[in-house]
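As written, the chains take the letters A, B and C, and residue 1 is the first residue of each chain.
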Amino acid sequence: MTPLAQLIEAALFAADRPLTAEELHALEPDRSVDEMREAVFQLRDHYAFDQHGVELQELGGGYQIVTRAVHAAAIERAQITARAPRLTPAMLETLAVVAYRQPVGRAEVEEIRGVSASGVLRTLQERSLIEVVGRSEGLGRPLLYGTTPLFLELLGMPDIVNLPRADELAIALAPATPEPLDDHEAAAYVDADA
Amino acid sequence: MTPLAQLIEAALFAADRPLTAEELHALEPDRSVDEMREAVFQLRDHYAFDQHGVELQELGGGYQIVTRAVHAAAIERAQITARAPRLTPAMLETLAVVAYRQPVGRAEVEEIRGVSASGVLRTLQERSLIEVVGRSEGLGRPLLYGTTPLFLELLGMPDIVNLPRADELAIALAPATPEPLDDHEAAAYVDADA
Amino acid sequence: MTLVERPLPIPSSPMAIDSSGFVVELESFSGPLDLLLHLLREEQVDIADIPIARIADQFLRAIHSLGLNQAADYLEMASRLVRLKVQMLLPRREDEEGWDDPRAELVRRLLEYQQTKEIALWLGNAAEQQSHHHARGYLPPLPEAPPLPLTLDLIDLLAAVERVVTGIIHPVLHRVVVRPLDVEGATERILAVLELHDACDWREVLGSNPTIVDILSSLIALLELARRGILSLNQPSPFSPLVISRDPTRPAN
């Protein structure tokens, strides 16, 4: 391949969209747009002649490298392009709060995490990891959330009581302001010196 | 190119991460893993021999097609794609400790770096460069961290064993350091002066 | 160790000089060990033989202009250095065998940290090299297929619990216990002793069965009286008792 075709191949590979001949021109402003277009066709012919697994397509006025359709079935079957979706940190943190505080309302989740929670709660609900388990007695009777059987299933746990207790965690989830020295202890401490 | 190399090229093009030989095997379960690996090397050699703008790299235990470094400047100048954000010194130091001591807890990272580490550990976790790999047996059962395949991908390394060995570094740790004075001895030492 | 005082070197980058002394841009340092290594390099001294007194002074000066978010880490190191400085300044008995250098632990940590920095540099270079290789930019839309099962494991969930908990801001309450020091009483006692003697021993001004409060009160009273020139404090030789003497220019009333 010519150096110009190499450069075009690298650029088309790295781009997240089809690139027009003008955009490709920015790669090598010393060459003309026509020269760039010619190199694009050279790359296209090379892919076809050498029987590559990819081909060059002209899409919406630009050029793009795509996999050849003949391989699509095998790639889809192997599910190579899809990853098992993992939960985002925000989803995990919200799930953590719900798991340990259920039944819990949106306001409490937001207070603990310090950010708005409505979007994440809805996503978790759509994915059947949490569900509405009741309404609070408080003002406006807000919805209360709890975890679902699917949540336990994904964790491989028979029951919610199998979650490590809060006091087994590095820092307990319970409202934990460090206990200050009480008056009695403080007094004893001074006495010891006397 | 052979039909198998074509298929592999198409699959590697379609994926957004390195694919292992086992994952590629799912494309053609009738062939052996060794045959797949051989076809991968054929593809690699083809890219090198025909002077393509892309090359095949072994990264984090898998294979990935990437652009050749020589084209990076032109691609960035033409604003076709941006470079990944740089890692800060704090992130690099923390990665260094995690990479060499994994599985490692937050306390050890803090002891070595002399600064609190929770913020930077969280950032590295959110960028999927480190992950929780277990819990220590110690007090409070703190979380233990290790590096991810993305860490290797980012550094262009096939495997964690490709990191330089400690004895290859300019500064090797002294085998034994004398025990420092502990508080008890230090106190006795001061008393002797009174 | 050598305690020969040299004039302080003019700090070079990333230090900057202004009228109020020199200011360190702490953003340039990734922590107290980094700052310490920088000071040692500036001084061109061997890590294994740190002139603690001088380095401790420079460290304290450097953190003077510290932003508060990292203050605790730097202050902790500063207190270690000051303690080491004190330990190094304490006189040693001639007959003392097997004296352990109190700097050993710091030296070990500095070497370990220096190695970490070297690895970090290597990692940074590797990442820089790899950043010249671009991966595929365009990703084809996912095929229409039933969504894969979610993955969720307990470790991820517990890590999230820890992140949530560490994010909660607890009000921290400190209770300060006031211990009454009787400096005035101690002052009177010391002056009373010096009425009778030109000089006396430290133990004589304490009274019998002194409590820790008495000792502290007496110490502060002594220092205050010495500062005002009413008495002088003297230690004739290492390990000998302190001699408290009335200022000879002031006659006993």
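Definition applied: a residue touches a chain if its C-beta (ideal position, glycine included) is under 8 Å from a C-beta of that chain, and two chains touch if they have at least 3 such contacts.
All figures in this text were calculated on a predicted structure; none of them were measured in a lab.
**Q** Quick one: point me to the chain whose Cα centre is farthest from that of chain B.
**A** Chain centre farthest from chain B's centre: C.
**Q** Of the chains shown, whose Cα centre falls closest to the middle of all protein Cα atoms?
**A** Central by C-alpha mean position: chain B.
**Q** Any idea which two chains share the most contacting C-beta pairs?
**A** Top-ranked chain pair by contacting C-beta pairs: B-C.
**Q** Roughly how far is chain B from chain C, centre to centre by C-alpha average, rounded to an integer in Å?
**A** Comparing mean C-alpha positions, chain C is 35 Å from chain B.
**Q** With centres defined as the mean C-alpha position, give me the chain A-chain B separation in Å.
**A** Comparing mean C-alpha positions, chain B is 20 Å from chain A.
**Q** As a quick test, compute the distance in whole Å between the mean CA positions of chain A and chain C.
**A** 42
**Q** Among the residues of chain B, which are close enough to touch at least two other chains?
**A** Answer for chain B, listing residues that touch two or more other chains: 13-16, 65, 67-68, 75, 80-81, 125, 143.
**Q** What residues in chain C touch two or more of the other chains?
**A** In chain C, 134-137, 139-140, 156, 158-159, 162-163, 166 touch at least two other chains.
**Q** Note which residues of chain B are touching chain A in the complex, please.
**A** 1, 5-11, 13-17, 19, 23-24, 26-28, 46, 50-54, 65, 67-68, 71, 74-75, 77-81, 125-126, 140-143
**Q** Would you mind writing out the residues of chain C in touch with chain A in their complex?
**A** 134-140, 142-143, 145, 147-154, 156-168, 170-175, 177, 179, 211-213
**Q** Which positions of chain A touch chain C when the two form their complex?
**A** Against chain C, chain A makes touches at 10, 13-17, 64, 66-67, 72, 76, 79, 81-87, 89, 92-93, 95-97, 99-100, 112-114, 127, 129, 151, 154-157, 164, 169-173, 176-178, 180-181, 186, 189-190, 193-194.
**Q** Quick check: in the complex, which residue numbers of chain C touch chain B?
**A** 30-34, 70, 72-73, 77, 87, 90-91, 93, 100-102, 104-105, 107-109, 111-124, 126-137, 139-140, 155-156, 158-159, 162-163, 166, 239
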